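What follows is a set of structures to go through.
Below are two complexes that have chain A in common, paired first with chain B and then with chain C.
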Partner chain A sequence: MTTAHPPVPPAGGLPYDADFALDPPLALTQTRTRRLVLRWIWTSTAFLGIAGVLGLLLRLGQAEFISLDGNLWYAIMTAHGLGAFIAWAGFFLMGISWWVLFKCGFPIRSFILPELTYWTMVIGVLGIVVTTLLGGFGGSWVFLYPLAFNSSGQWSDLVTGVFSASVLLAGVSILAYCAGVLHTVISPALKAEKDTLGQRIGLAFGFGLLWPSRFKTKRGVEPYPVLPLAVNALDMFLATLPFALLLVFQIIQSADSGFSINTLLAGNLLWAFGHPVVYLLLFPAAATYYYLIPRYAGRPLVAGRAVAVSWLIALTFNLFVWAHHLYMNYPDGNDVQETLGTIMQPTTYALVLPSAMSLFSLAATIWRSDFQWNAASKFLIAGAISWLVAGLQGIINATSAFQDTLHNTLWVVGHFHNMAFLNMGLLIFGAMYAFLPELTGRPHFNERLGSWHLWGTVIGAYGWVVCQMWQGLDGAPRRWSRLPETYMDLTRLSLVFLAILVIAQIIFLVNLYTTLRRSPFDDPSVRQGPEVKQ
Partner chain B sequence: MYKSKHTLPLVIIGVIVAALTAAQALLIDWLPPATSEQAGRTFTLLWFLFWSSAIFFVIITSLIIYSVWKFRAPKGDMGDGPPIHGNTKLEIVWTAVPSVLLVVVAIYGYIVLERNEAVAADALTVDVYAQQFAWSYGYPGTGIQTGVLVIPQGRQVELHVRARDVIHSFWVPEFGIKGDAVPGIDHVLWINPTTLGTYPVVCAELCGVGHSVMRSKVEVVTPAAFQTWLTKSKADVAQGTAKSDAAATAANAPGEVAAGKTVFEAKCGGCHAGLGTEAGGVGPKLTGLPLTLAGVKTQITNGKGIMPGGIVSGTDMADVAAYVMSIN
Partner chain C sequence: MTSLGMGIGIGYMIFVVLGLIITAVVLYSTKRGRRDKGEGVDIGKAERAEPWWALFIVILLGVLLAFTIWRAPWFQDNGPGQRVQVTGIQFGWAVQPTSVKVNQPVQFNVTALDVNHAMGLFDPQGRLIMNVQAVPDYTTTRTHTFTEPGTYIIRCFEFCGYQHHKMIYPAFKVTA
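And now, the complex of A and B:
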């Protein structure tokens, strides 16, 4: 269907916006990229629907409105966690980053890796759904070795093996994505004055901003959205490898019960991936903010060398903070514990800098601009403020002295829903409002319904998240199928907010359905998005 | 002129955002009561960090709200905003200010950690054992094994937390103390209890289907009451040992229902709801089942399905079996 439409003109005239209409081969790439990204969006949105329903069931079970006895609650929890975090938010942002790169003048150089990314993720997620909801695997997405092999008779070692293989496929998807992004970014599209590999790598990682006399580009301005995407791709490629090793160990143990590994080694292999994977969502989200906020403010991102420095800090420290998830595992007073406590806290704090720099830059970009108000930009602003809120919570979480109070409580669950749903989730909706018209060729969404969607989502999600954080601070552990009676009132109150959230998503789906049924954008009065003059 | 134009509305928005932030901080009772020295220090640090963060939140949020309202484009105006360029001084300031805050918090956090883990010379040592899905406590040198942790007020307690199967996590929210029980590791925790009372012990690390019912209790008693409890428990242990020596095993002796109910509550109540009389727990309701005394003892000893064997033994096992038969 999309081929019936003329190529959609790029929305902006930002310094790094490409004008592909002048280049027939690139117009063809544009059509193919558009189809790929659309397929990605529909698939990840379907995963959101499934994961959302599962999450609602979990809360209904805790509120004792429905009965989820025995292991079923934990199996649903495992499917929900992986489904919402990786299959929806992570997968969507991986997909949309191809479009952001394209809009910045970095067309996909080979579609093999993006297609591999897509299909390995889809098959992996299906395997996870089968092994959790049908096979009963309830060890959570972190599977807490050796719990996966001590199920108290709830699932078999074979199920653990198939589950591990399914997650491994999702890991292969991430590796393919990272390789694809690096291949796309470290490319002639950088237009390095001296087109060598070293120059390309330097420019892709922000050295053009730090050392402009050494790393020159004919583009004039280096596209800021490329920075977080390049950093994320390199870090996630490296971080996924130890996790893949742990999954291979689990597959071996599922076939040979005599094989086992050290519990702490397993924990380290897990968290070497388990922490950076947050950035698989956050950094493409940052790239999308970098692209879209200037589009609605009508001017380039207000940033400079500091933002480049902060991304280089992120590039380095992302890979060295995993052990802050293991504060509770190592014995206190032990040398390893002392070292962890001393090193991990400041390095984790350092990771606040890219978020802080990004938020300051976005705020400064809006200051004294002509900011366009529409559904997309409202979602982006709400998402950016939630980013600030979640980032400040992150500093609390990163303080090792708080682990005794906060670790593995519903506070943590509230925090990551704040970050994943109210920051990256709102950004995802904003990106859908912003990009779908140009991706589908259909006129813009109904703005009023978009506003209702926004307010319903913000009120519903914040109400629910605050209830969880309150429960967590008050002593409610996470991953409890049955909470003590003292938390019941808040659990049931959170369901009221979840109902508002669900209604808001139904409004969104109605809006989306109506939009897709409208005529293509041959009506000249229909805008694709605000144009920004050079 | 520039300042007078923007300052007042920015301040008004800032006051509103600050009031909302303060209201949600002050009107909600976020934390449990601090009943140990460690919790007192940690909670104070938490509030320090909250109020520091609130200042940043109010400034940045007010700036964004004001900007998107004040600098919105007129309807139908699709023109560009005025171009501006990077400001190095501004970048240095907005990098340095949060960095300084983080350094202050880091130093304060280290001080709290250091004090929370300072070891007292007269610390009482207690072994904590975690297994799917029960806690048990041992007092070294006394032979005492219990399902309820009893500790004296005002004296430091050194807990050695160990796991018998998978990873668990020992947590008493009111103490502000938590530590994972990892197979093969002796994890040491220190508590200085300050307030008398009974508090929940919970498992904070997913350990399987019975994770949410893996609960126990800690009783903080006066030093005198603790000494009395210790003396009585030692006597009970001696009596139990004598019984063992005298009659092959205490497990074969007739159990006492009342004593069995107490042990059942502490060690079995996590999985069997309503002291074994209600459905809905991890374990089944025990009333109305075709049970025999010998069968109950065998299952307690060997376990069955998700129920681990050996949670109770000796006299306790006989008492629990007697209690189970009484409700059956």
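And now, the complex of A and C:
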């Protein structure tokens, strides 16, 4: 998409955009950022297509409408999990972060890290696709150690090594992304009165909102969307390191079968990353909500110090919640896991605060506003409602006392599809409706098709997710290619909803295609949205 | 479905419905906002309410924590009883002995020989009543008192490989 079109003027009128002027060097950065983000969007959307088809095959297999015998179902499950969560949702939101930052007046300072992020993820995902679908690696996306080396003859240690290296590349991509975001947010863009590194760091993490007399900025108001992106970047950088270590161990073991590590240690290394990675999606999604909702509401984000405090809580506790994935690991004589489980229930609860405060802020921003309803804003609202619905499930999942009933059931699968597809996913679609016209220079999407896409997605996805959650509450185990017969009716019912979901995505693709086929618009103000009142 | 599962489902739905009602009120308010161009509301009020909302959430979570943390599996009385050794190995269960007495505590010692498994114990009505992780090189102990005689089923609840769904022990007996 290299269509020449006028540069997008500063998105009008929010306090933190006030001094964002497009001098010639910045316009050049804008063009490069636009091209980069577009490439990111198309690639991640292609990954969604692949992962979505794989997910559909999984449910068709469970319903026994198709036969996916032996290891194939589990290999597809592994590819689907990593493909949908990391390669689509995570990758898209990493990409759109650059545009949100740019729109808040934080242009990318160096394109080396974003390009490294992009290419390591793409190569890593291709490696995952090859090792799962061709190499037969079917250890699930968590490949709970030492399963990768006990394949019962379904894949070789070499495949495990290549798979681990591919996932490690995706990890390198996350590290590069985090470094790139930190490099960008700790920039002169915040215009600290005393331009020291300490001041810049403090401002990036919201201290300007908490302690304005100490952390002064010439910009007046600190942009709220920067906060979750900065927090996510620092946390994910730290959380990815233990996981990378586990992957290195696996690569070593694939070459030297005499090498091994402790299973509980491996579980902790995995989940030190495996839970925070949810926030690799959620926090950039929060930043996008913070950026877009005020524009449709026509007023700045209604937020005070409590929101900034909640992000500092997230910054701290995000790194200390992993053991809630190991609640059921309390072997005799191992007090460490019990202690970790006891501590990490309240720390996980603490992470409710950023979500609760964000939803409060978004609701207050919308309250009695002259809200502009269109495909983009409807998707955003639907996504925010799912944030609430799935967030409540998260509190249940974080409660150790409920694990006899919920652990490793389809309830958990329903929960993360509710959160990843119906919160982050709807936000992603909303961001595409909102940003693609200005990124491509093409006129707006067809609103009616956009509405059909929304309702089809919401009805289809909720119908399917509710079926899974009900089965889970009834004891249906997750990661079973063939569920016990008692769960078959709901499995087959969920396919009706999945069909609706698929049709909705076809409508979206038609809408996208016709949008991209149109001529570039002449008037860039078409996508500037409503005037924002001060 | 167990009573705990039913309770979780009902409690969850109550909060979802409350949340959706509040959401509907917020979205409906934009009708009024359209009439007065979004200028008929005191934003400062919402900002002042923010800390109170945070406090409300903290209290709510604190209450939930206080009621549940003591019911964590590791805080349960996993004392002595009729001992049953349960060992998971791809793709089956070794259970010894294979029957126990009703209304007497049963201490399960659960382990694995190769990869992680988990013992999902289903009662004769098909309800999941207990979930114990089977970790290689470790033993996890859980004590349970069966109140109903019959045939119980063990299903593997931790993904363990391509025959995971076939890892079922079909006949653990609880006798009168």
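Please note the rule applied: the second predicted complex is superposed on the first by the 508 of 534 C-alpha atoms of A that agree within 3 Å, B and C clash if a C-alpha of one lies under 4 Å from a C-alpha of the other, contacts with A are read in each partner's own complex, and residues count from 1 in each chain.
Criterion: a contact is a pair of C-beta atoms (placed from the backbone, for glycine too) under 8 Å apart; a residue touches a chain by one contact, two chains touch by 3 or more.
Please read these numbers as outputs of a predicted model, since none were measured by experiment.
*Asks:* Should the pairing of chain B and chain C on chain A count as a clash or a fit in the superposition?
*Replies:* Superposition check on chain A flags a clash between chain B and chain C.
*Asks:* Just checking: does A:237 make contact with chain B only, chain C only, both, or neither of them? Give me first, second, both or neither.
*Replies:* So A:237 meets neither chain B nor chain C here.
*Asks:* Thinking of the overlay built on chain A, is A:452 touched by chain B (first), by chain C (second), by both, or by neither?
*Replies:* It touches nothing on chain B or chain C.
*Asks:* Check whether A:264 is in contact with chain B, with chain C, with both or with neither, and answer first, second, both or neither.
*Replies:* both
*Asks:* Contact-wise, after the overlay, does A:111 reach chain B, chain C, both or neither (first, second, both, neither)?
*Replies:* In the superposition, A:111 touches no partner, neither chain B nor chain C.
*Asks:* With both complexes superposed on chain A, which partner does A:329 reach: first (chain B), second (chain C), both or neither?
*Replies:* both
*Asks:* Clash-wise, after the superposition, say which stretch of chain B runs into chain C: 148-156, 238-246, 256-264 or 310-318.
*Replies:* Once both complexes are placed on chain A, chain B clashes with chain C in 148-156.
*Asks:* Could you tell me which stretches of chain A are touched by chain B in one complex and by chain C in the other?
*Replies:* 70-71, 74, 138-140, 144, 146-147, 150-152, 154, 262-264, 297-299, 302-307, 310, 328-332, 341-342, 345-346, 349, 352-353, 356-357, 360, 363-364, 366-371, 381, 385, 388-389, 392, 395-396, 399-405, 407-409, 470, 473-475, 477-484, 533
*Asks:* In the complex, go through chain A and note every residue touching chain B.
*Replies:* For chain A paired with chain B, touching residues are 69-71, 74, 138-140, 144, 146-147, 150-154, 262-264, 297-300, 302-307, 310, 328-333, 341-342, 345-346, 349, 352-353, 356-357, 359-360, 362-364, 366-373, 377, 381, 384-385, 388-389, 392, 395-396, 399-405, 407-409, 466, 470, 473-475, 477-484, 530-533.
*Asks:* In their shared complex, at which residues does chain B touch chain A?
*Replies:* Residues 24, 28-32, 38-39, 41-43, 45-46, 49-50, 53, 56-57, 60-61, 63-64, 67-68, 71-73, 77-88, 90-92, 94-95, 98-99, 102, 105-106, 109-110, 112-113, 116-117, 119, 132, 165-167, 169, 171, 173-174, 176-180, 182-190, 200, 202-213, 215, 280, 282, 305-306.
*Asks:* Which residues of chain A touch chain C once you look at their complex with the stated criterion?
*Replies:* 70-71, 74, 138-140, 142, 144, 146-147, 150-152, 154, 262-264, 297-299, 302-307, 309-310, 327-332, 334, 337-338, 341-342, 345-346, 349, 352-353, 356-357, 360-361, 363-364, 366-371, 381, 385, 388-389, 392-393, 395-396, 399-409, 470, 473-475, 477-484, 486, 533
*Asks:* With touch defined as at the start, can you tell me which chain C residues reach chain A in the complex?
*Replies:* 1-2, 4-6, 8-9, 12, 15-16, 19-20, 22-23, 26-27, 29-30, 32-34, 36-41, 43, 46-51, 53-54, 57-58, 61, 64-65, 68-69, 71-74, 90-91, 114-116, 118, 120, 122, 126-133, 135-141, 155-165
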